[in-house]
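What follows is chain A paired twice: with chain B in the first complex and chain C in the second.
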Partner chain A sequence: MEKTRISSIQLFMLLSGFLFGSTVILAPAAGAKKDAWLAMIIGGAGGGLLMLVYAAIASLNPSKTLVDILREKMGYVIGNILAVLYIWYFIHLASLVFRDFGEFICTVTFPETPITVVIGFFALAFVYGVNGGVEVMGRMSELLVPVVPVVAFIISLSLITVSDFTAFLPILENGMPPVLNAAFSYITFPFGETVAFLMLFPHLNRKEKLKKTVIVSAIAATVLSIIIFFRDISVLGSELMSRATFISHLTALLFPGFNVDPLLDINLLIGGGVKSAVCVYAATRALSQVAGIEDFSKLTSAVTTFCVVLSVWEYNNVLEILDWTEKVWPYYAIPFQIIIPLVLLFLSLWRKNKPSKVKA
Partner chain B sequence: MIRKKDKVFKALLPLLLVLPLLLTGCWNNRELTDLNIVAGLGLDRTDDGRILLTVQVAEPGAIQSSSSGSGGGGGEKSKPVFVASNEGETVFDALRGMLAVVDKKLFFSAAQVLILGERLAQDGIEEVLDFFQRDHEVSYLMDVLVAKGATPDEILRMESDIDDIPAVYIQGTVENNISRGTVKKTMFIDLVKAVDCRGRQPAIGQISKSGDKEIRTEGLAVFKGGKLVGWLDPFETRGYLFARNKVQSAIINVPVDEGKVSLEIMKSKGSVSVAIESNEPSSLIVSVEAEANVGGYEAKGRIDSPESLYMLEEKLGEEIKKEIAMALERCQKEYASDIFGFGTYLYKYQLQCWKKVEKDWNDVFKRLPVEIRVDAKISRVGIVRNPLRKGE
Partner chain C sequence: MLTVLAVFIILIIYDLQKFIRKKEPVRVFVLYFFFMAAGFTVSLLLAAGKRPYSPSQMIEAVFKMIGIVK
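After this line comes the complex of A and B, so read on.
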């Protein structure tokens, strides 16, 4: 196992960057329209709990990665099968992030550049970063992730004069069901996706800080999302917001005087970068463990290439992405994000309590 | 092994250093001189229902030479702008088709104004706005105006002495609204939001010709269901803007002592609401708080006591009230179009009530009684107190 270590601050930055990742461009909980902030509060609380489950699994099985835990609790064969499924899930997730990113750049910044080129260059930087290992990723995010909220605040503050602060009224126009639906999808995207961190948690240098770090980053991500939601709705109004392809971009267009789109692109590069780096890393590590290969970095370029190809193939058009993220993804992700981790937590608690019963 | 790698690297190094020279720009890079920079856009419908698009293109080179050249009448210099128009089935079609007339690609991000034709507005504007929302080059911050009594084509073809680029000149006059309050500055984003908005109809500033060389931006075009239904005059427009809390400054003339006093509005705060009785809207309420200074006293009286100011305050209040009442009267009785956003107020704060009246809100709005509350205040009188007068 890799002997590198990351500090809790670095883990916090990685987690926040990850949570913030694609949500910069694909507004989470958009199904709830005006009440998305309510959905975010509910979903954020649920997501925090879910992340606590992952943290609990990690601290019950210290210095073990997801693959080790799966093998130990489920038996070698089933554990390996599940591990392979997780590898697929991480690769799929990374390719989705690549595609979101490429789609945004191709719609907004470089409409005439082929998406393959955009994603390809993006991925090249990744192979390099991921090969550096978890320590490099930790330091990189420590340096870059703080930029994300700063940019969000700059854009928010400068638009304060054109805002209509009553735009989110009336509250609960269509009742609770859409809000709960959106809250659920907010749990699975982005919070449930942090299941990939089960491959990273063993590298934390001070285990006792794990739960605190996880909770703080969940709160930070939720608060930032809510601030951004209020900014967008008060500037755009709820109807235009629900019609926009990329909400943050449309908001940035209204920045008076000059073009702040590049700032948004930077946010996207950082958030999406951290997210896909973590996913690629998790997939590669898991693959190397399952296949019994010592040096995971040999696999990075292969896995990344596969992600790039998959990302170009998986959708035919931009609306399929939005539709998929909103309607299919939450359910597709349930086994990976909720069911298997809960089973693992249960098994970990059970196996841990059994010997203590014997002792008593 | 490592040495071999180093050797390969050293051999490749020159190649790597040469590569950046080839990567100096975007592959679809276009120079400024290869673009036609569109300053103003005009959109109208022809008799057979096709889109007529007019662009006013600025020539950066010509502007520079005309401003730096010695002012002694440069004679037949190249004109700073040219105007071209083209017909098409859709907006985008008309736009691309224009390249048959114009040599360089049209560049839109710097467009200052979009002028909609009266005919187009009467047929409905919602559909034609789509292209402008969707295209990544169009600025959401350009001003939108509706042309009255002239086609957008005619307005964009006018050559004004005031500014080299007529579109910039038009935009400037709209910007001046900050200090006069007689036209509504409608940016494209405002228009999109207004069409989207529940319980409020869009209204757009009006532009018309004033002589051969000047334009006049004054008044308001009232829409209903995306179609132009009528106009408000400058005073009604100001009443509307007072109610919508959009007046930053304005000059209001008050008849006093066989003359007129000009009061300068320094601050104004307006809001609309609806009174509810047993879950039915019972009356429309407009409340305005305005603060003004005495700007010019062209009458026979004096202002040397607080009482004279109280009297002016009262008259100012009446005047503002009159303008709001005129605007409301016209929108209710003539157009039945709620451009004030009373419906939005209901939707936001009285959802149950709104759901009941939403379907026939236009009719409900039409017959509701109106209550206008104006609280006017005059705080300062300027450098002198009493007006200039001989004798006494």
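After this line comes the complex of A and C, so read on.
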């Protein structure tokens, strides 16, 4: 296994960057409209619990990656099959992040540039980080992720004069079902996606801080999402917000005096960069473990190239992405994010409590 | 199409020289060329304007068949 170690602060930054990721531009829980803040609180609590499940799996299986745990708990053959499915899932997730990034940049910032070029250069930049290993990724995120909330706060505070603070009222206008649906979507995107961190958790230098780090990052991501939601709804109103594709972009356009869109681009570059880097790292590490290759970095460029092609191949336009993400993604993600991890947790707890033959 | 070909050739030459120099095992070559070949084939089809059925569409079709998604 890679001998590198990351501190709890670096893991917190990686987790926070991952959770901010695409949520910086795509509003999570948007299905609940005015009550999205409620869905975020419920979804954030659920997401935090789900992340605790992942942390518990990692704590019960110290120094083991997801592939090792799958092989140990499910048997070599089934474990490897599930590991291959996870590799696909991580590659697919990375390609979705690439596409979100590419769509935003090509729609808003560089409308004349082909999406393949934008995604290709984006991928080229962070492949260096991934090849450097988890330590480099940790340091990069430690340096860059703090910029994300700062930018969000700057934009939010600057728009305070054009805000209508009653825009989110009345509460529960359409009842509880849309809120619960949106809360579930919010659990799967972005919290459930942190299952990829089961490939990174073994690198934490102080294992006893894992659960605390996970919870704090979940709270930070939820709070920031709620702040961004209140900023957007109080500036745009619920009607315009429900019709907009890139809500944060529309909000940034109302910034008095000058264009702050590049700040959003920076946020997306950081969040999306961390998220896709973690996904590509998880996919290549898992792939190299399954294939018995010692150095995962040999496969990074091939996997990233495939992710870039997949991101262009997957959807025709941004509306198709949003539709797929809303309708299909939550159900597609359930086995990877909830069912298999819960089975692993159960098996880990069961093996732990089962008295060993030597003791008997 | 020529651009796609050029990009893939540059990427493969860049990586291949490192693999040969370090005498990487066959598994590395197999996996590397699997992903590169898959990416190259799809890229050529996309460049030719013949977009194949994507994995997302397949997943959606399966979910619709089962009845999870309407």
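As a convention for this text, the second predicted complex is superposed on the first by the 355 of 360 C-alpha atoms of A that agree within 3 Å, B and C clash if a C-alpha of one lies under 4 Å from a C-alpha of the other, contacts with A are read in each partner's own complex, and residues count from 1 in each chain.
Heads up, the rule we're going with is that a contact is a pair of C-beta atoms (placed from the backbone, for glycine too) under 8 Å apart; a residue touches a chain by one contact, two chains touch by 3 or more.
A quick note: this is a predicted structure, and the numbers were derived from the prediction, not measured.
In the superposed model, A:V328 lies in contact with chain C only, and not with chain B. In the superposed pair of complexes, A:L254 makes contact with chain B only, with no contact to chain C. When the two complexes are overlaid on their common chain A, residue A:E112 makes contact with chain B while staying clear of chain C. Between chain B and chain C, it is C that contacts the larger number of residues in chain A.
In the superposed model, A:F153 lies in contact with neither chain B nor chain C. Once the two complexes are laid over each other on the shared chain, residue contacts for A:P170 go to chain B alone; chain C is not touched.
In the superposed model, A:G237 lies in contact with chain B only, and not with chain C. Shared contact residues of chain A with chain B and chain C: none.
For chain A in complex with chain B, the touching residues are 107-108, 110-113, 166, 169-170, 173, 236-237, 239-240, 243, 250, 253-254, 256.
Chain C makes touch with chain A in their complex at residues 7-8, 11, 14-15, 19, 24-25, 27-28, 31-32, 34-36, 38-39, 42-43, 46, 51-52, 54-56, 59-60, 63, 68-69. Looking at the complex, you find that chain B touches chain A at residues 26-28, 136, 139-141, 189, 192-193, 196-198, 347-349, 351. Per the touch definition, chain A reaches chain C in the complex via residues 92, 120, 287, 291-293, 298-299, 301-303, 305-306, 308-310, 312-316, 324, 327-328, 331-332.
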